[in-house]
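Below is one structure, written out as structure tokens; comments come after it.
Chain IDs A, B, C and D follow the sequence of writing; residue 1 opens each chain.
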Amino acid sequence: MRSWAKVFVAVPDKAGKIMKKHFNLIMDIISSLATSVIAILIPLEMVIPVDPGYVATIYIITTVILMVDFLRNIKLYREQKESHATQNILTKSQTPTILAVDFLGSLPIGLITGSPLAGIIQLVKIGRIAQYQTYWNRQTVRWSDYQRLGFFMFWIALITHWLACGWLGLHTYTGNSDSLTLYIRSLYWSVVTLTTVGYGDIVPSGNLETLYSMMVMIVGVGVYGYVIGNVAHILASRDPAKLAFMNNMEQLKAFVRYRDLPLELQNKIRDYYAYLWQKRMGHTETEFLEGLPKSLREDVERYLKRRILDKIPLFKGASDAFLDAIAFRLQPVLATPGDFIIREHEEGNEMYIIIKGRLKGYKSARPDQVFYLEDGNFFGEIALIHKEPRTANIQAVTYCDLYILERETFEFVLEQYPEIAERIRQTAEARIKGDG
Amino acid sequence: MRSWAKVFVAVPDKAGKIMKKHFNLIMDIISSLATSVIAILIPLEMVIPVDPGYVATIYIITTVILMVDFLRNIKLYREQKESHATQNILTKSQTPTILAVDFLGSLPIGLITGSPLAGIIQLVKIGRIAQYQTYWNRQTVRWSDYQRLGFFMFWIALITHWLACGWLGLHTYTGNSDSLTLYIRSLYWSVVTLTTVGYGDIVPSGNLETLYSMMVMIVGVGVYGYVIGNVAHILASRDPAKLAFMNNMEQLKAFVRYRDLPLELQNKIRDYYAYLWQKRMGHTETEFLEGLPKSLREDVERYLKRRILDKIPLFKGASDAFLDAIAFRLQPVLATPGDFIIREHEEGNEMYIIIKGRLKGYKSARPDQVFYLEDGNFFGEIALIHKEPRTANIQAVTYCDLYILERETFEFVLEQYPEIAERIRQTAEARIKGDG
Amino acid sequence: MRSWAKVFVAVPDKAGKIMKKHFNLIMDIISSLATSVIAILIPLEMVIPVDPGYVATIYIITTVILMVDFLRNIKLYREQKESHATQNILTKSQTPTILAVDFLGSLPIGLITGSPLAGIIQLVKIGRIAQYQTYWNRQTVRWSDYQRLGFFMFWIALITHWLACGWLGLHTYTGNSDSLTLYIRSLYWSVVTLTTVGYGDIVPSGNLETLYSMMVMIVGVGVYGYVIGNVAHILASRDPAKLAFMNNMEQLKAFVRYRDLPLELQNKIRDYYAYLWQKRMGHTETEFLEGLPKSLREDVERYLKRRILDKIPLFKGASDAFLDAIAFRLQPVLATPGDFIIREHEEGNEMYIIIKGRLKGYKSARPDQVFYLEDGNFFGEIALIHKEPRTANIQAVTYCDLYILERETFEFVLEQYPEIAERIRQTAEARIKGDG
Amino acid sequence: MRSWAKVFVAVPDKAGKIMKKHFNLIMDIISSLATSVIAILIPLEMVIPVDPGYVATIYIITTVILMVDFLRNIKLYREQKESHATQNILTKSQTPTILAVDFLGSLPIGLITGSPLAGIIQLVKIGRIAQYQTYWNRQTVRWSDYQRLGFFMFWIALITHWLACGWLGLHTYTGNSDSLTLYIRSLYWSVVTLTTVGYGDIVPSGNLETLYSMMVMIVGVGVYGYVIGNVAHILASRDPAKLAFMNNMEQLKAFVRYRDLPLELQNKIRDYYAYLWQKRMGHTETEFLEGLPKSLREDVERYLKRRILDKIPLFKGASDAFLDAIAFRLQPVLATPGDFIIREHEEGNEMYIIIKGRLKGYKSARPDQVFYLEDGNFFGEIALIHKEPRTANIQAVTYCDLYILERETFEFVLEQYPEIAERIRQTAEARIKGDG
């Protein structure tokens, strides 16, 4: 009864929290869109006649949205103040200044005063989009590149629009053209100039226009360089695994050019690099893990190893505590096709668990009697239990990911988990018998 | 009486020195401005008719300024020669050649000879601005980026102006236009060409103009590439802490894309990076410190540690010598939320001082009786005084900056500063009692 | 008889395999070419009148080719499915989606429906070229740069052609021009705009054209930056050995500028760098080898060392197993002209084999009696056999590549290969005798 | 008499060698210039009428020069063949192919056949300039940057000229213009297009012209990107010491922005960096030295240390062998102002030689009795001779470069060079006496 009541209380509470979180995100997006609309509209209505009816409607809608947003932000500001939460770079802080900006941005001043110029004051709200951009950029991990590219295009488009509006206000076009054509021609001039294409079919005529177009050109050089640099950087850093493959191949190419390896060896190395790529293993991972503090690094490693351990039949039914304990004692190892993992008659101090891959086993005396081992199998346990040399050769057929279990870890397992120990012993005996 | 007299002598002397230093800086700026004015004016008056009255007035003013500057530099030159000071890269050396340049630059030769062309000789003084730029750039540490950007724009603007004047002198504009319009058209041509926009509404007509515009274009390519490269570099290297955060996030993103960490772990790591950013800690700091010679590095470290030690109540009233002595014996350590700093019943050989952060303490037997520790508190002293195992668990609640005091340092403190030793002992006893 | 029969079966089988492999490559190339033809033709026939006879012929040919390709791919898909082969990044996988694309791409829909617009659906096949590009790029090691540059130009050309077709469809040219001229004018417009040259002799007139040309310009900025970045990167990374030489020279230059080395030393260092370049040795090789797993690295090293060992007369007739065994025991060493390898009367624990280079030997007592040693010779064996100090000085005349044979390896050789041991002993005795 | 005769034979021989070397260089330059002249002339005479008299004269002169060059190269080829010299990357090899190119390049085929087009075959000789460029670039150490920039401009200019000639041949200019004007207009078109300025005052009219200008634009994009990349790289890597200073300052700036060091410490660090710059010491030096093989590194180090040791009065009259011997035993050390080198009453195991800088010495008991030590002085010898603790404090006043002489080296000196030992002992006694 009591637990049922708990759920009854807990669920809506939790749902409410999620709702609230999403509510804030949705409100951020809606207010950003409304801000974008006025950022496009205000300069436009200063330079070309736009239907007052439409404009008024848009202003009313945006005013309502931005006013609601303003009230929401006041509420957030109060909550933040009350909670005495330590502000950090990831929180979207609300300060009185920001609230003032929100208030100014929500007032349709141009409409009230009747002067479109006064409306420019509403554009302060645009700073909020920049704030959201920074905030979202820091929040997202996986899609931040696309987000950055998107915002990047948004700002370029906005600046181009503003510059076009400026030109439209200054330049006198010959001939009778409707507003849309005039705006498109101005936008076209803006793009032609910013991209430094410079056809020269629309050129400035008075001093003011000349000075304005000079300013646009100077801006253009900077924008242009910035665009090229940024897009190139984002595109280049998109797929580090592929990049690592390309770099590896380039090193191989240089080596081959000097030393002239036979094609067979070249292909073997290329296949190895392709395997690394596919497994998405790069040398930057260790670097990444080393950059984390010890406790975080352990969390990450435990998560990654547990994901694999949970799938190994040998450990079925083992407790979480036990699995966590051995996770740190397992050493991963990679075998390339043809590698000998175990050689008959050699000393052995570890057993192996196969995560992925295919290996073949055979005794040197009878190389035609081959047996195969695959994902989830283990081998090398006989040498550990009976303390004798290896009884067979084990050779990798494909690329193999293995876990090494050192003797100590093995004995730790035997001690702690009789059930697992029993499973290993049974396999070992079955193998010796099948062998005899 | 004597010390009073000393102050009486010392203060004006010191004030005088500061005045003199500032006097030199102000004079440098004034003479640079005067030089800029003539660098703009001289080419201009060669190509368009400018009101002789205005020109003469400007020449008189700049001549006076530059003559005063010349005399000042002679004085500085004499002082440098007398002091036999070892010149280095940071001093603005005065040589006879430089003095000759100053003298030539200060004479209004164009006005005297009546030929504007002869005035060009005054432009040698422009080299002095380059000298000041180098000098100031080396002096300033904090604002050097903005300074460099500023000078960068100054040179681009000056070159554009000169190229415009050259074009104005060569090109014959059709129609009757006033001087200002002609100058603006020429400047516009200069910008259109340098930015490679190339509208083509103003094009060269004679051979001389054609050759001139070819030269401007070739210069343009270089300038353009240089501008893009430099501005991009300055913008990119502006905020290394943010850069480090972005790099960290990119590494995290790559890792997540390969290994697919759960969102919770992703956020924990992101928060850690954000914390690093906020604390403005980057891996380049150690590199920076290692690049300094031992004595300088110690100065920096002492300064930084003392700034923190001075705020810790425990050390209130301790002597400078004592604080300096233990500054090098304190090891900083960072704890992330959830980390255990101390575990009950374990051996302990150090105590901790909390610089910033919040930790909670509890005994394993009674996990509901929690006590909190905050900035300036210390803990772990019981194990050191009574030589017994830890008496409680201490776990970080927020990110915590702690100082570790090893047993040796602790004993050094006890020995050297009975007062502080007493404070620690009192806290320890209060804690044991409160606990009992 | 039996072995003859084996060959009879094996040869055609092997030849068949090679044929099949080449057959697939050739089919890939033919189908790519056919796809390129329709990718060029389809947009073209939408905007200018092309002779239906020619078009129909081309369509029939491409349809046949692409249909055959489609059937081949169905066969490949079945084979892949049957073989249960593990797909990796290097295999060109066939999925139902890809087969659907192949089928759509092979149908001359434009011709069938009579509407060129519908033909656009055939362009999906272009994605296959991108797939082949990726596949070939990963396959080739040595020529990948040129391949990448080639594909790069192909895509740029195709996009330029498409943009030109778009312009041709929108723009109304004045005057009577034939189709070829109109197409060339459009292609010219496309190039003028994409390269941001922007002459402005062909400019958009209506709103649609204006919007289209704006789009092309924005694409142009990206394409342009991408081209510059890529071509520069490929050119820069073409010859790493030369790059290493240039870097070395730059370091030398910087050092000389500070420290002012005499010309003789400068040249000696420069010659050393040139030698490194010629021998194609760079510091990146060790890095490359370290990046490989142990078994692969050993394969590469064995191959490289064996290539040299096989040419040394001393080891003529030795078994493969023996050569493999000592390959890992030989340490390479480089001597620069003038270096003393052996000094008389010093203790000696190794002998040397000359891979390449010229050395001179002499006794300190009789410096005029010089003897020379060259490629394939060995020296230093007397000290090892008779356990006495060095009997002569050996000094490098040119740059010398030597192999060091430590005492242990030497004794291993003596033991394992009496024949080689005998050769060494004979040489040693002949030398002592010639000496006495 | 005999030695006089030797000189008589040796001097002209040596002079002859130098002459011959210079002869080859001068001939290379002359033949390059002649090749450049025909590379400019041949395309020009194909497109504009040039005075046949002038052309013939130029052809005769260049033919003579290039024929002489051809004969000289035949001679060089024979010499190289005879000397069996090992070719390397630094030698300018002469092969039959190269000789054929030289022969073809020297024949005025255009003049002989009467068809300027046939003259194009002479342009093969241009490849020789590229060969010389590579050769010179590898030879020069100190001025290679300026050389590269020079050649770079040469090639750009030549390509621009060729493209201009191509345009001149295709385009029909309206109006009557003389040849010079036509050429300048074409050159102007070439520059306008290559720099992507694209005024559009000269545009292609026929299909051929259109295709030609498209080709030039596509080339232009590559050239443009290459120019920007290269010039930027050369400019950036010009002064590594300054670069190191800038980097250091940037690190300091970042550190200051985070940690807020007091101005005094900032300036101290800045002064240290400026000192490093002035002394031209950078961390890349050690890297450079480590890249050299042992024997070369020792040569460089011996040279550098000897240059300093030779100026120290203490070692006046010592033999070369002795100085070489101790050169490797002296450890350089840097002291910043205020550092204590020696503290009174401490143990001492080394003496110091001052290379550059000023230090002050005093006894702790009498801090007002200060003595100064300067360049070439040494100190710390009393503790070594009398085996007693330090007798005074020695503190750096300016930045000081010192050499440390460990006790062993000191004893080595005493043993080997009684004269120097005596000098040190005398100084030590004088100091103890002056002190007593």
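The criterion applied here is as follows: a contact is a pair of C-beta atoms (placed from the backbone, for glycine too) under 8 Å apart; a residue touches a chain by one contact, two chains touch by 3 or more.
Here the structure is a predicted model, which is why all the values come from computation and not from measurement.
Chain centre most remote from that of chain D: A (centre = mean of CA atoms).
For the touching copies chain C and chain D, the fraction of interface residue numbers used by both falls below half; the interface is of the different-residue type. In this entry, A-B is the pair from A-D, A-B or B-C that repeats the interface of A-C, since more than half of their contact pairs coincide by residue number. Chain C and chain D have Cα centroids separated by 33 Å. Between the CA-based centres of chain A and chain D the separation comes to 46 Å, rounded to the whole angstrom. Counting partner chains per residue, chain D has residues 196-200, 224, 228-229 touching two or more of them. Residues of chain A that touch chain B in their complex: 86, 88-90, 138-139, 141-142, 144-145, 193, 196-200, 203-204, 207, 210-211, 213-214, 217-218, 220-222, 224-226, 228-229, 237, 240-241, 280-282, 284-285, 287-288, 291-293, 295-296, 299-300, 303-304.
Of all residues in chain D, those touching chain A in their complex are 196-200.
Interface residues of chain C, counted against chain D in their complex, comprise 180-181, 184-185, 187-188, 191-192, 195-201, 224, 227-229, 231-232, 235, 245, 248-259, 261-262, 265-266, 268-272, 274-275, 277-278, 334, 336, 338-339, 398.
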